[in-house]
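Order of writing sets the labels: A, B, C and D. Residues in every chain begin at 1.
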Amino acid sequence: MVQEYFLILMGTVLVNNIVLIKVLGLCPFMGVSKKLETSIAMAAATTFVLTVGSGTSYLISHYLLGTELFYLRTLSFIVVIAGVVQFTEMFLEKTSPVLYQSLGIFLPLITTNCAVLGIPLLNVQSNHNFIESLLFGLGGAIGFSMVLIMFASLRERLDAADIPAPFKGSAIAMITAGLMSLAFMGFAGLVR
Amino acid sequence: MNRSPYISEAPSVTSIMLKVMLALVPAIAAYVWVYGGGILVTLALASLTAIVTEALMLKLRDRPVRLFITDGSALVTAWLLALALPPLAPWWLIVLGTAIAIVVAKQIYGGLGNNPFNPAMVGYAALLISFPALMTTWPAPLALAEFELGFVDQMLFIFSGNLPAGVALDAVTSATPLDYLKTQLTLNHSLQEITQSPIFGTLGATGGELVAAAYLLGGLYLIQQRIITWHLPVAFLAAIAIMAGLFYLADAGRFADPALHLFGGATMLCAFFIITDPVSGPTTPRGKLIFAAGIGIMTYVIRVYGGYPDGVAFAVIFFNICVPLIDAYTQPRVFGHDK
Amino acid sequence: MNAIVNLSELIKRKLGKTGLSSFNGGVHPPQHKLESTTSPIRPVPPPARLVLPLRQHVGNVSKLQVATGDHVLKGQLLARADGQVSAAVHAPTSGTIAAIDNQLIPHPSGLPDISITLEADGRDEWIARQPLDYKAMSKQELLDSLREAGVVGLGGATFPSHIKLREDARHPVRTLIINGAECEPYISCDDMLMRERAAEIVRGIEIMRYLLDAGRCVIGIEDNKPQAAAAMRAAAADSEVAIDVAEVPTIYPGGGAKQLIKVITGLEVPSGRLPSEIGVQCFNVATAYSVHRLVHHGEPVISRIVTVTGHVGHAGNYEVPLGMSIRELVELAGGKAIPELIMGGPMMGFNLPSADVPVVKATNCIIVPDSAMFPEPPPALPCIRCTRCADACPANLQPQELYWFSKSQNLDKAREYKIFDCIECGCCTYVCPSNIPLVQYYRFAKSEIIAQDRAREAADIARERNEFRLKRIEREKQERAQKHAQKAAGAKTEAAPADDAKKAAIAAAIERAKAQKAEMTPKNTEAVSPVVAAEIAEIETRRAEVQAASTTEARTEEKQSTEEAK
Amino acid sequence: MLTALYVMLGLALLLGVVLGYSALKFKVEGDPLVARIDAILPQTQCGQCGYPGCKPYAMAIAKGEADINQCPPGGDAGVHALADLLGVEYKPLNAEHGLPKPKSVAVIDENVCIGCTLCIQACPVDAILGAAKHMHTVIASECTGCELCVAPCPVDCITMEPIAESPANWKWRYPVFEIKPEPAVTRKIAE
């Protein structure tokens, strides 16, 4: 049992990393990784939204929607996630206005982050129970946070590198993301 | 004006790179002894590609070509990649891998000193993902091969893919020990049965163990010359030995003994030549220990549980990504500061 | 090699043989001290012309006490210390003040600074000298006379010594360290001073020790100077107070104050703090010598020992009057062609902007290099993060990171990685395989950060003053409004007991208009004395003339409006 | 169909209640951002940005009314700092608001000054001293170099003098890194 949970967690964090392997949530991954500080905040916000979102989504799809109202899934998930994001936004504005400002548009955009909607939908698809859903959400969130923070720290270093002009900025960031993805491909087969 | 200090006592970058190449010579000799002279062709090809692509990129980037070609870093990358590739890989695979290493992993990031990833490992991993079959086709050590290819035969094979008439591919290739171990374990053979195979030699792999010992020798030379510090190789080898030892103690029937993991695969090459790349590695002493131990553990996990027979390249790139974070959190205590 | 040397030191320390501590890193550059230690210190007669910059020390520029044309005697005060952190300047010989203007000074900027030019009269006539009975006077009086005598740290930092010698009840000095380590290659002025004038130095140390009431006193000398150590040991044995001589291992920068304190006491001076806060105070041997000259002979600081070495005929140490042209000094030492000159040692020195700059209190060494001595380094390559610099850094910094941040002008990060703990010793550049001028990058980043901080401070003051002004204007407006309201209320009760709102409103409006006019009038022209009024009229006429000359219409209008307002 | 409606309605209501409550709980008073923007601005109070001072400009930026590139005294570094703080793209200084100049201080030609006090009233930081009919003097250390006193002077006796470099305020230069040839862009300008 514990081993299974561990595998779900490891699987989502490393092997099926939501950003680098599933290629979801690239928008904040590229957008909020210019500064380490901001990326850590974004990671924390996304982790919170993802975990709470996947838990509540499970509850809704299981107890509220059941099998007959399955067509409401996407819609209701979006509503719930939007609510959680709104809450996070208010909380951040109160507790850390600078962070709130520097996250800017990406904070409300967590709502439309495909990773955040993708995880609950994948949960339903793979018939996870409540704990599994939570773990899957948490794992996805940790995976997202991990690569986001790693990527941000790398980009901070690249800022000072003598990168040829045509590759400066987003171009080198995309290449770097590609090479990171290469590393994560090596985990293939670790967890089925 | 004002360029103090006016005196210096430093080896040049070129001399450092030359020493690294010198340290690789015993391993190359062992390679020739074990697998035949084909490796020399591979090395020459990789070197040529590296110099041409590096010069081309420097030209495009409007940087002094001669200055950076003579620093020798491109050649080191080429040699490391060539030594990591299967000895009889086709010529285009070598050219492609070296070009990826030099162009994508090194020059696009700004060349010497700016690349966040180990160029040789990026080239290797890209090839492994793209051409898994070719990358796992290793020639059998000459001692075990049914048919012994001469130097000319090997060269022809590299350039045209043709073997001498009447020789089957199987006759000159064999699975590497790590690869063989993995496939046989999935077929539910016990470890005792598997290691009966002649490819396993005394320590880890027939032939391979000799090459590994040669790397070890070269690595010790580098430590003696203060080109690399002990932190990285020791932490890396210790991590692999401890992981392998623990698993071996837990279930000797399913997990190979530490010696195989230390002397098989690219362990020794990695310990002394790959993870010791200063540019893409961490700089603090504690950071080096964490970095190397992490690579060691991850390499072992990929070897045992992953889809690839050897995980060194992936583990190195993964921890290259972590380097800025590792460095940031392992800053040593500065004079006059409390911890 | 360093590793082995460090290791051997470590073992020595572990075995408890020396009782000394050590610091991280350091390098072992070739010494090159023999060239300048074969002959004794040679006195230099005062030259015909001396240039004395007013900024020869850390702190405020000294205040001039003489004027052009004045005749001064040797040792006479030329400029007084301005405030506590400052030091005085004296005449090194008798003569006439020829000029007080900007002259090129020995500073890496190559910029001129305010200096006194003294034409010597050749008589070299002393002012009346009065030795001090320091035990009879109060400590404060003694400190004041140190300040008035221009005693500063002669090791190169030139920090006014009287501040460091002040007793501080919060931080009693337990250990007084006298720095005779002299770790930089080529320089031997302290070495020769210790060999030849050990007894005088010890007399100075006794005074310093008396001032600080220090418990322990240690002279730190690198073990490559056995003669100096022996001389000091013999002199210390004759002293009535206990003075130890510690032979510290020869390693650059072992003579840095913080490093020497670490080696001798095992204590680290906390970052951004003073050594006195950990109960240690550190002085150069030459400073102790100048304290002795002042107290026992009544002589202010007017000369110093300078090592002249390199491509000269008679390399050695010279006792040079301050203000002497370095060109003359080098020629005296047998230097011929002078393409470039280095002041200080090869690790931390700098190129002089010209040979025609004076010897100042910080001038410990002049190196006349030939092309073979200090060859131009090969072109710098990018940093390969080999961390040789980190291994060599005596402050245990990560020079490769500091370089990365300084290069990209990421100053916040540079500060975060503690760039201000860098002592600019040059060890990192010395061992860099890529030949990167690391220290130059750090100096750039540091001075940039300091400039930024100053700008921020200035901005804070400006903000404060602006806010204060806005508040003042607001207050004045309110006061006026209040006055008007009162007046209006008074008028209302008088004129219209029936409370005519309209009238009140009009009155208020008139008042407002008047107030506006009043505001346009400069406030401070009201109620002036008749004399001032006459003066005003005079200025008015002059202004009218000026304005008649001006052609712009706008200005005429403006003038009319001001005049109307009056 | 109706159940679906009820479900969504219920969800919406529930979320509405939660969010409404947290909106009250996490209500933000004032705007701490203004102070942080104001801290970056150089406080010359010169008004080149089109606002009467640095604080009003900071408020305008915080509200999103003003752009970040309207402050010439802050220079390029200032725009970068603002862009960093606000998480927006850097843009070059808007030339409409003037170009950065070397830092200067106002100097009053005391032979010409008639003591009209107009400059005293114009100075945003009270850095000019003097009584009416007496010549005025600028306190150089307090002067922000805003130039606001130059225009009102009826006799044109105020000039802006760049602060000269001296050994006291001299800065170490950026080391020249020999290996890079001149970047292509600057070479174009040179041509």
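Convention: contacts are C-beta pairs under 8 Å (C-beta built on N, C-alpha and C of every residue); 3 or more make two chains touch, one makes a residue touch a chain.
Because the structure is predicted, anything quoted here is derived from the model rather than measured.
Undergrad: Computing the C-alpha centre of each chain, which chain sits at the greatest distance from chain A?
TA: C
Undergrad: Does A-C or C-D have the larger number of C-beta pairs in contact?
TA: Per the contact counts, C-D leads.
Undergrad: If you average the CA atoms of chain A and of chain C, how many Å lie between those two points?
TA: Taking the mean C-alpha position of each chain, the two centres sit 55 Å apart.
Undergrad: When the C-alpha atoms of chain C and chain D are each averaged to a single point, how far apart are the two points in Å?
TA: Comparing mean C-alpha positions, chain D is 33 Å from chain C.
Undergrad: With chain centres taken as the means of their Cα atoms, state the distance from chain A to chain D in Å.
TA: 38
Undergrad: Rounded to a whole Å, what is the gap between the Cα centroids of chain B and chain D?
TA: One centre to the other, that is 54 Å.
Undergrad: Can you tell me which residues of chain B touch two or more of the remaining chains?
TA: Only 64, 67, 110-111, 114 qualify.
Undergrad: If I count partner chains per residue in chain C, which residues reach a count of at least 2?
TA: 108, 379, 381-382, 407, 437, 440
Undergrad: Of all residues in chain A, which are in touch with two or more distinct other chains?
TA: Chain A, residues with two or more chain partners: 157, 162.
Undergrad: Please name which positions on chain D make contact with chain C in the complex.
TA: Checking each residue of chain D against chain C gives 38, 41-45, 53-55, 112, 114-118, 120-121, 124-127, 131-133, 142, 144, 154-156, 165-175, 177-179.
Undergrad: What residues of chain C sit close enough to touch chain B in their complex?
TA: Its residues touching chain B are 3, 23-24, 27, 29-30, 108, 110, 185, 258, 262, 268-273, 342, 344, 346-351, 369, 373-374, 377-379, 381-388, 390, 394-398, 400-401, 417-418, 421, 426, 429-435, 437, 439-440.
Undergrad: If you look only at chain B, which of its residues touch chain C in the complex?
TA: Going through chain B, the ones touching chain C are 1-13, 15-16, 64, 67-68, 71, 73, 110-114, 226, 229, 278-279, 281, 283-284, 327, 331-338.
Undergrad: Chain C touches which residues of chain A in the complex?
TA: Residues 157, 159-160, 162 of chain A touch chain C in their complex.
Undergrad: Give the list of chain A residues in touch with chain B in this complex.
TA: Result: residues 149-151, 153-154, 156-158, 161-164, 167, 172, 175-176, 179-180, 182-190 of chain A touch chain B.
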